[in-house]
């Protein structure tokens, strides 16, 4: 029975993340538009865009190689696998044990790796800029993530997300290090998803763009898949923050269907809150210069390190 | 007395003497070279016979574990060097650097030198040893000056002055030893014979022995080429004919060292006397480090390796100074390996200098490409002298450094420092000489690589495998040296 | 009587040291050679006296050798060489007589300090002789260090050898082998020196050793 | 029996090297020699991995030190390293059958190549100090000769010089270490050393000397300066051996002495490996990121990986010292696993670099580009190597890094506060270097293989030969295997761990689905296989689905590039500009950079120049002054060479008087 439940939960989760991620984007845009006193596109707009792109003809640059064509699918696959392993509404996922937090980070890392390569494949200047900057951000964001992972997993005594979530849910006490970790993870999340102030998702002809520069040459279904992947990434980070720091309402390992339903509802609510906060944050800040991003991410790294040190020291006492 | 006539050691002294006499009258230099070769060869065979005959004890000559090693080694190197010199002088004649008269003189003195050195090694009393060493010195002085160029004369003169001062000091030390022995052993010959001296060493006046050793160490040390008495060595090596450089580095230094070792044994036998160790260690270290730094600024290929001889003599002196079974063993091994390797180096260097028509390091490049045999021969032998495995020097250096470091780390560290600095210099020069775009050569020589190959083969073999009887000897000798 | 013998021996040996000092500050070549002859004579006397005292006939031989070679042949030959080289008038600069003298004094003192306690066991003759001999050796060496003229260097060297012979003679019953060898070696040495002086002469037209240092095989 | 066979085959390797010496080489000699090498390596591999029972085998030859003989021993650890050595050796030989064919002077490579492999085998087999050091130094010597294969180039000559100098420095350090271990009696065989009691200061002394000795060979910062010079200078298959295998032999030396001969460690032993390892990881990868010479880049990244391995070893020491067997086993396993992995993918990468070099004659990546079209197979294999070394799942590089992180996560249980402070910092360093590594290899692959060709040479490139591709693909397949089924590797290593840290990880083979769990499944687990399968399924599934639902054909067109369509190759991003952000942001941690911009005034026709000089702090701060000092002393002492005879006599005189005074007193 539990096996079936777990399988169901896993399948459910995989579909759920896929379905919800563009909606989250759409919701954020909507809220932003509203805050800017605009009507804004409907919340489902990202899905419409995806469908439209999928229907469109795909144009490839002459110099594009096989790598360029297969990159979108690989990126999508890695991100999706990662997203479907993080507990969103239930901890008892069928396959949650095949990759722990560090592995999740690494999966996102491979997505970035492939994306950066794809950016360089056509041999245009924009792609190069994008990949180069992405690489630098990544080389700061990843260690920061790892440090944050250290903090939570040292506290929870495990790097398994479901274990961590369960621990946080059961006996959660307020710790400074956890606070550091939270702030750090938020900073990383913003940077990784190319949101303001690090990058501006809604521009193209700006020399400071990063993510958009890499996918400049993509069109049609390839672009659609990549967009979906980035949406998934945003969702993944949100649900990471949610399940690690606000783990209430997660359905337990062998919970009932009702519990799962409850979990789903709460999860959607969490997403909504996150999207709203993100929108508010984005409209209230300006984009920063590219070379300041390293300092910005350095803060996250420092927070993670401080948190880890604190944990280490408190352990000894 | 009859047994005395049959002694092999007599032959070892007699053959070269006879050959020398024959060579004085021999005018055809090719024939002379052959006689020279044959005589050295026979001498070497007799030395080999010694191996099987073992100890001998005569009134003037004697053979024991210590000098047997030296004799075999020196006759071997004497032999191979004579092969080398045969192919070397040919070119000297062609280029007219040596006249026929010179050559007669050269060959005769060569044999006299061998004779003197064998005598020095086999002499059973300290007086005779001293005399033969002086003769050896004078002959080499003459041979260094054989080219009659200003430089060679200067070198020979310096060698003569420093050498005879050293030898004089050694004589004074010898007399002192006699005077120390005389009250115990009574007047006369007994007080100069090694066996009796060693037997009664404990009863001698310690203070007198100390003073004596100061003179002997400095006197014979001059001929060993230890700093600060080394000054004659580089020029003598550089300006004389290359076979003589080979003999100097390969033999004469060892013979002088042999003398020092004998007296060291004497002092070690006497409990009250100062242990000679510290003195040897100090001089040894001084030589190693000094020579190591001197290597850097050399532009003359023969001077370069002369300084490396100083360095290695320093190492050997250091090893014997440290003492103990392992270090003494290492010292003997190192001495053997060094004379083989260094003479091999001079064999190749001699031909290289002839081929390139210069001794300037800066004007020789890319030997491995232009002359593969000579070039790689040089590379291998220099690697050997730098103590690279699997060649013999590595084993001895391994033993010296490790055994010393186990006992007195603060002594091993400067030694290692010296080794490293010297290696830096030699490697730099070697890469310059052997690799890169080759420079032009002036002429070809039909170099006989036999001696080179033989020496390197022995060194390689010794680095991997030491025959048991050799080991037992070395260990006996090491025990004698205390 | 014993005492007298000792005094005479000391007197002669001491005179040798004195002559060594004279050698040390004599700066004219011809003069130097004469003093060297004197040195040899003094040596001969003291060796002879030793022979008389020790009743060791072979020492007379040594004395003879010393007299013949060192006191006559070598000085004569040297004088001839110097004449041929036309340098018998040359006055060489000896770095400050005063310091050299003091150094010499110090050396004599040193040799006494070293030798007397060392030879406590040996008999008094040997003791005195050894001390003086060492002094002579050191002085000879000092002379070689301070002189830059080939001839005077040789003289310094031979005075050093005289010291050795004195020591050898002082040692009771040292077999003849050694003295002869000494004498021979000195002879050989002298021959070599002669050859060299002429070679140097024919190459450099001088026996000033500073000239020699300029033709090192290896240039700075 | 396996040991004897292995020894025989090693001997055969030496024979091959001797036999290969010829005055004039036959045309196919290199093919023959390399085939023989490959065969022998495989044989040795088979011999050492063949089951040999629980206890170690040993043999003694009547060579070497007379009173000890040449001793050899085969236990779990040496078997593991022998396997690594011979896999690398065999692959290099196969590769060289193709690559070595167009070697100009085969006689400068052929005799030394088998000797080099044989020497590495001997180091791992040796069971007494003398044999160990002979093999160790001979390994350096033969590789030195290989570095000099291209002796006409001044820079490979200087590289060879620095290399051998550093190598013999290391050997002398080890020599002194063995001096301490062997003691006055000269008992240099490892069995005696193992038993002998060691007092604390001696152990510390030995540890320091070993870190200097083994570290200088492994390329531990700050003893690394020779490595990026020497490795690239050699022919590519040799570079692969030096980088992939020889450094591992150095690591073996460190493990053998510190974990085995020195006995029970004290906790502070772990500090140096941890700190130096982290330093190496950071320095190495930052330098690699800014290199424009492909082989230099690879060499620097070797330094990074060595750092990672040393960190793991340091952790193992710390745990072992505190008697925590399980974490110690985890760290130790991580170290050995990474040794194995790095040997594999670094060889692949060097082979790839060699193939590129052969096809274009270019080491400088600024002149390459677009090779993915002209040499697709090489590109694919090289990409695989990049993914593996960038520690990305599902390949093997990630697994070992992951294990190291798991080990770090266990360090809070260590009682010593100093370790508590160090390990988090080490963790940051590792995380940073891993991330930077990914970036570095994005750059390497992207600039060399992607985009458009930046030079005529790159334009004219063509696919490399089958042997090279074969060697690379075999190694890459092993990378994948070790990535998706790491449990086998872990279980293979655990006997060695059992022997040298006194514990082992839980048997991974028992876990379902090839999962690995360092401590307990509840704590952390990873399943390379499923991750791989899922990624494969979902990507292919997505592709199939989309292609079937919306089957619109793909159209080729010139790149849009925001409308700035231009065909000039110069507008592509260059390697140096790609590295610029990282260099600006983090470069200061490792090196001193001087940027100079020469901008012509408006109206001037000359081109603007922007130059960047990158200085190695250790080189400028430590080695150059050292060399200067030596030359200064040499210059000063040289005066002694030009004194007059009188002055020399003066020296003797002074020496005499001084000694007399000493004796008189």
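For clarity, chains are labelled A, B, C and D in written order, and residue numbers in each chain start from 1.
Rule of thumb we're sticking to: a residue touches a chain if its C-beta (ideal position, glycine included) is under 8 Å from a C-beta of that chain, and two chains touch if they have at least 3 such contacts.
These numbers come from a predicted model, not from an experiment.
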Name, by label, each chain that touches both members of the pair chain B and chain D.
C
Find the two chains joined by the most C-beta pairs in contact, please.
A-D
Between chain A and chain B, what is the separation of their C-alpha centroids in Å?
79
Express in whole angstrom the distance between the two chain centres, defined as the mean CA positions of chain B and chain C.
31
Per the C-alpha means, the centres of chain A and chain C lie apart by a whole-Å value of 100
Report, in whole Å, the distance between the mean C-alpha point of chain A and the mean C-alpha point of chain D.
35
If you look at chain C, which of its residues touch at least two other chains?
114, 141, 144, 153, 212-213, 216, 218
What parts of chain A, by residue number, touch at least two of the other chains?
none
Indicate the residues of chain B shared as contacts by at least two other chains.
157, 161, 165, 169, 207, 210-211, 234
Using the touch rule from the top of the page, what pairs of chains touch, sorted by label?
A-D, B-C, B-D, C-D
Sort out for me which residues of chain B touch chain C in the complex.
127-128, 130-131, 134-135, 138, 141-142, 145, 148, 150-157, 160-161, 164-165, 167-169, 171-172, 175-176, 178-179, 182-183, 186-189, 192, 205, 207-208, 210-211, 234-235, 238-239, 298-300, 303
In the complex, chain C residues that touch chain D
107, 110-111, 113-114, 138, 141-142, 144-148, 153, 209-210, 212-213, 216, 218, 220
Quick one: which bits of chain D touch chain B in the complex? Just the residue numbers, please.
23, 62-67, 129-130, 133-135, 137-138, 141, 148, 151-152, 154, 157, 160-161, 164-165, 168-169, 172, 175-176, 178-180, 182-186, 188, 205, 630-631, 633-635, 637-638, 640-641, 643, 645, 648-649, 651-652, 654-656, 659-660, 663
Chain D partner, complex, touching residues on chain A are 54-63, 65-67, 69-70, 73-74, 76-78, 80-81, 95, 97-100, 102-103, 106-107, 109-110, 112-113, 116-117, 120-129, 131-133, 135-136, 138-143, 146-147, 150, 153-154, 157-160, 163, 204-205, 216-217, 220-221, 224-225, 290-291, 294, 301, 304-305, 308-309, 311-313, 315-316
Once bound in the complex, which stretches of chain B touch chain D?
157-158, 161-162, 165-166, 169, 207, 210-211, 214-215, 217-218, 222, 228-229, 231-232, 234, 274, 279, 290, 293-297, 324, 326, 366, 368-369, 372, 383, 386, 388-390, 394-395, 398-399, 401-407, 409, 412, 416, 419-421, 423-425, 427-428, 431, 435-437, 463-466, 468, 471
